[in-house]
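There are two complexes below, and they share chain A, which is joined by chain B in the first and by chain C in the second.
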Partner chain A sequence: MAHFTKATSVKDWLNQRLAVEKVEKVMMSEYWIPKNINFLWAMGMILVVTFALLLVSGIFLLMYYQPNVNLAFDSVNYTIMSEVDFGWLWRHVHGVAASVVFLIIYIHMFTGIYYGSYKKGREMIWISGMLLFVAFSAEAFSGYMLPWGQMSYWAGMVITNLFSGGSLHADGLVEWIRGDYVPAQAFLNRFFMLHVLLIPLAIIGLIGLHFGALRIPHVNNQDGEEIDFDAEAKKYLAGDKAGSKVIRFANDFMAKDMMVVGVYLVFFFYLVFYNYGFAMDPVNFDPANGLKTPTHIYPEWYFLWSYEILRPFSTNIGLIAFAFAQVIFFALPFLDKSPNTVPASRRGLFKYWFWAMLIDMIILTAMGKVPPVEPFGTIGFYAALTFIGLWIALPFITKMEKKV
Partner chain B sequence: MKNSSRRGFMGKAFGAVAGVGAVGALYAMKKTWDPLPSVKAAGFTTLDMSAYKENELVVEKWRGKPIFVLKQSQEMLDTENKNISQITGKTTAGMDKKRLIKIGDAHYLVCIGLCTHLGCIPGYRPETKDFLCACHGGMYDDTAMVKKSPPPRGLDIPPFKIDGMKLVLGEEGPEYKKMKETGITL
Partner chain C sequence: MKNKEPLILVVIVFFTLLTYYLVEPFAHHQMHKHFESEGFAYKDLPSIPKGDAARGEALVMGAGACTGCHAIKSANVPAPMDAVSSAAAYGVNPPDLSNAGAVFDAKFLGSLIKNPAHALMVEHKFDASKGQMHPMPPFYGAGGDINQEIADMVAYLQSIAVSKDKLTPTIAFETACGRCHADHYVKWTQIGEKPMFKRKQDELAFETNVLNYQDSLTKYLGKLPPDLSIYIRSRGEHYIKTFVENPQNYLKGTAMPRVGVNAEAADKVIEYLEDSGDAKRHERESVGRNVMIFIVIFAIFALLWKKQVWRDLH
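Our next item is the complex of A and B:
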């Protein structure tokens, strides 16, 4: 049985019961981060901070929001926006953060792709990260239903219709998801539940998995160098801080990380206070009307690239292409056949693959925003083909890559 | 050895109990997500067909969905055989009249006003006598047959029953059943 002695201090009392010193070492002072990194390595912490902002602002919105088809629109646009003191602040923080979080996720993802941070033992970091991307997408979509404006309603209609599977005509499945023939009370209630409970729980669990997946392979670095973390940590603890290739997670690494977070927060609150309009679609300021489609339906900017892969094809091919786009990023660690874990700039053809993919996704995003008229339809069609083609080419070009 | 086999048995026994419970729980969860009986029961709409005007689209409501009612003019009936489907490249002759509902002496198009692509509401253009879906550019002719993809098929016809000059939506009459059997609608 454990032996307890009379505590000499509060810390000692806690230490005997919770081993706080050991926890502090494992989580912070002896969690080792490579020195050879840049500001792009701060995106993870920025995401944590943004998620916290979403959680806090969401809690306050939840106090006045009414998940009822007759009350929802006014509870957001009247009660929260005009009656509740600082209600506008929570709504704008929530809306802006929901949009910006995807910008940071995309930067985080492309940083990982550029530096090969999904390879050599880091596959689970990539996969758990992609699961987080899916969970955040579901969270964003379900949240978009809640103000019950025109875009909420019609986005809900169009996205749930995707589950009919084109020619499969699984209309029963669509009605089951909605709990009605069209998006109505049952639909709003269940998406409210998903948005405030089930998906956030999944996200928190996945964040735990994502961090856990990082423990054994450790954080990657700018050169993809394989660092012996035990040896470098020993060197650091022996006093050779300059010669060691690693630093403590806290407070050393965190000090720089939070500096980047600080710059980000200035930008973030600039958007919240002066430029929140981009996150508030004007069409969604009309209450939901099941008998009137808005003239042009488009998703939020962060879904446009995958929407554009759906759009230029006929229904069935479009759905297959769309499904392909949704899952293919998961397979990246297994489609990249190269043994090199170095920045894309040193990887021959992969360098061009990386930039082609990034530019193609930006083109898809832009084409998804404009109405389906020429020449945009044609550009979108070829950009969608390019997207699929790049993924098919990936195993071949990485297989040819020379070991560096 | 003996101990471990007893543990193994206990593990299996628990697994069996938990398995039955899990299946039961999943069934209950699935049924909880089903549309409520009240939602399903509120699914009938009666239309008085004598009130509609030729070539003027009226949007009714059935099960929360928009229903297009378009009374065909003589001119529309005459041009029907000339419509050419962009998908098959053939004239839609023959198909057209089968999609219309004859009540009294008049022909009506009655269909669900949701694009068969992804469920937006197409708009009717009386001058060109066709429907245009703004979401992805799909087009339908005046009997709601597809003129231009992406829609995979014409607008769906809701279950209906003819009752004199009235039309009951949500009930399956013999005319509707025939349409379904011959593949005119889903």
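Our next item is the complex of A and C:
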């Protein structure tokens, strides 16, 4: 057993039992971050803050929400919106954060792609991040079911139908997922459970994994520079703060993070109070009605690009393309054959690949929402082909890349 | 090294706004028909001459035979039948005319009295040549100039109605919408506001009346008109106003009649729907302002903190 002495202070008492000073060093003051980073490196902190907003607002909503097909709609739209003090605020924060979190996730992902932050020892950061993306997608979808509006119901119908696998006709699987032939009480209850317990647990675990995956390879930097973290840390601790290439996580990196978070929160709360419509589809303010299909059924904006990869093809090919789109980002570290871990701007053809992918996904997003009439159907079809083509081309164009 | 952060910010803002534009304004423009409001002018209806309220009163109470079906509570004319029986007889309970003069446009009222199916834009349902009579019979005149007689009746209805500044959202909604549409967030049913009941039997009796009324309405209109509790969120002000002005624009062949409200009453109806479906909008504005002030101050402090911490790092 460890030897304990009479504590000289509260800190000392805690130190003997929890090694708080050591923890503080490992997690904050001597967790070294490169100095040559820009504000895109604050997206992680913004995501943490947004997740916290989702969690806290969700806890308040959970106290009044009723997971019952007869009560759910009014518990959200009447009880929470009109009767509960500040219930409207929690709901708008929750709804807007659920949408904005995907904007930040996409910025975070494209930052990683641009700077090659998934390469050379950072593969697990990328993979755990993609797992987080999948978990957040499932969380967003299950949450979208809960108000039990028209779009909840019909999105639930359409998405669970995908599991029938087209010509495989796995209707039994679809019924098993729904717990019924159509979305009904059993369906609502299980998506409620997924939304408030199982998926949040998975997300919290994955956030731990994602942070852990950063420790050994360290955070990337904006110049693709290989930094000797031990030597630079010594320099910093010796007092040469300006000359060292690294900074402390706290307060150095944290101070910059918080500055970006401050700007972000101004934008976020502007949306919450003055421009929340984009995150709360009007169609979902009609109660669920299994006998009345809405004129247009479309997912929330962050799913549109993958929806549009499904939609322009015949059922079976569409499902295969859709499955491809869901998993292909995971393979990015292994499809990129280039030896360089530098910004895309210095990587020859990959530079064009990056911007082509970004623009193609925006086109897919736009075409996924509009009705599939001409010319949108054709544009969507070619954008989907381009998406698949870009991924097929990736190993070849990165293989040709010269070492910089 | 050159600071690339402003360029990065421009790129991110550009692509974010582009995506927003494409999935919101652009996509909605592609998906939904858009109609501009005509300001509740009812340009297709003829104008009416200046009327005389005293002559109008005699017509409304006498030769016009309005009170055979309509109540005018403000003139102490009771309803001939209760709402449920009226709906069973006519399909829908004929409105109390107390405030019709304040809620409905004068031209519209004139045309309505002369030819209900035409003014209400339901001639596709009520074609007299096929024997499909609108439940409200047209006024064929009392022997004089029919247009003058109609103008007199409209003048009378205007004279007994509440003045413009006393027109409340509740009066506007109940007169214009409330006999077909429920709004359960403010406890409104098609036969009136649902009271608190001490005895369950009384509550069940009331609910039975509502259901019977709704059955008549469903038979009359083909489907039960929707509950309007949060139509302000699901449809929005512009859609509701332009739909009410001319329902046939959006839904060709709909049984929903043109309601004929004037511009002031339309605003009051919108206010009623906001009170029902967006009750905390005033609180949202005041809390929003305070939160924005707080967050801006937070952002300033965060900026100052960063500057202080990074002074040694550069």
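Just so it is clear, the second predicted complex is superposed on the first by the 404 of 404 C-alpha atoms of A that agree within 3 Å, B and C clash if a C-alpha of one lies under 4 Å from a C-alpha of the other, contacts with A are read in each partner's own complex, and residues count from 1 in each chain.
In this text, a residue touches a chain if its C-beta (ideal position, glycine included) is under 8 Å from a C-beta of that chain, and two chains touch if they have at least 3 such contacts.
Source: prediction; values computed, not measured.
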Chain B and chain C placed together on chain A: clash or fit? fit
Practice prompt. Examine A:Y181 and indicate which partner it touches, taking first as chain B and second as chain C; both and neither are also allowed.
Written response: first
Pick one for A:H296: touches chain B only (first), chain C only (second), both, or neither. both
Q. Between chain B (first) and chain C (second), which, if any, makes contact with A:M259: first, second, both or neither?
A. second
Q: Considering only the touch criterion stated at the top, classify A:K35 as touching first (chain B), second (chain C), both, or neither.
A: second
Task: Which superposed partner A:F273 touches (first chain B, second chain C, both, neither) - done: second
Between chain B (first) and chain C (second), which does A:I379 come into contact with in this model arrangement: first, second, both, or neither?
neither
Chosen between chain B and chain C, the partner touching more chain A residues is C
Once superposed, chain B sits from chain C at a minimum Cα distance (Å) of 11
Residue overlap on chain A between the chain B interface and the chain C interface 295-296, 371
The answer for chain C against chain A in the complex is residues 1, 4-5, 8-9, 12, 15-16, 18-20, 22-24, 26-27, 30-31, 185, 229-230, 233-236, 277-280, 283-285, 287-288, 291-292, 295-296, 298-303, 305-306, 308-310, 312-314
Per the touch rule above, chain A residues touching chain C in the complex are 35-36, 38-40, 74, 77-78, 81-82, 86, 88-89, 92, 103, 107, 222-223, 241-242, 247, 251-252, 255-256, 258-259, 261-263, 265-266, 269-270, 272-274, 277-278, 280, 282-283, 285-286, 295-296, 301, 304, 358, 362, 365-366, 369-371, 376
Touching chain A in the complex, chain B uses residues 30, 33-36, 39, 43, 59, 61, 63-66, 117-121, 134-137, 149-152, 186
Interface with chain B, chain A side, in the complex: residues 154, 157-158, 161-162, 166-167, 169, 175-182, 184, 186, 190, 290-293, 295-297, 311, 313-316, 318, 371-373, 377
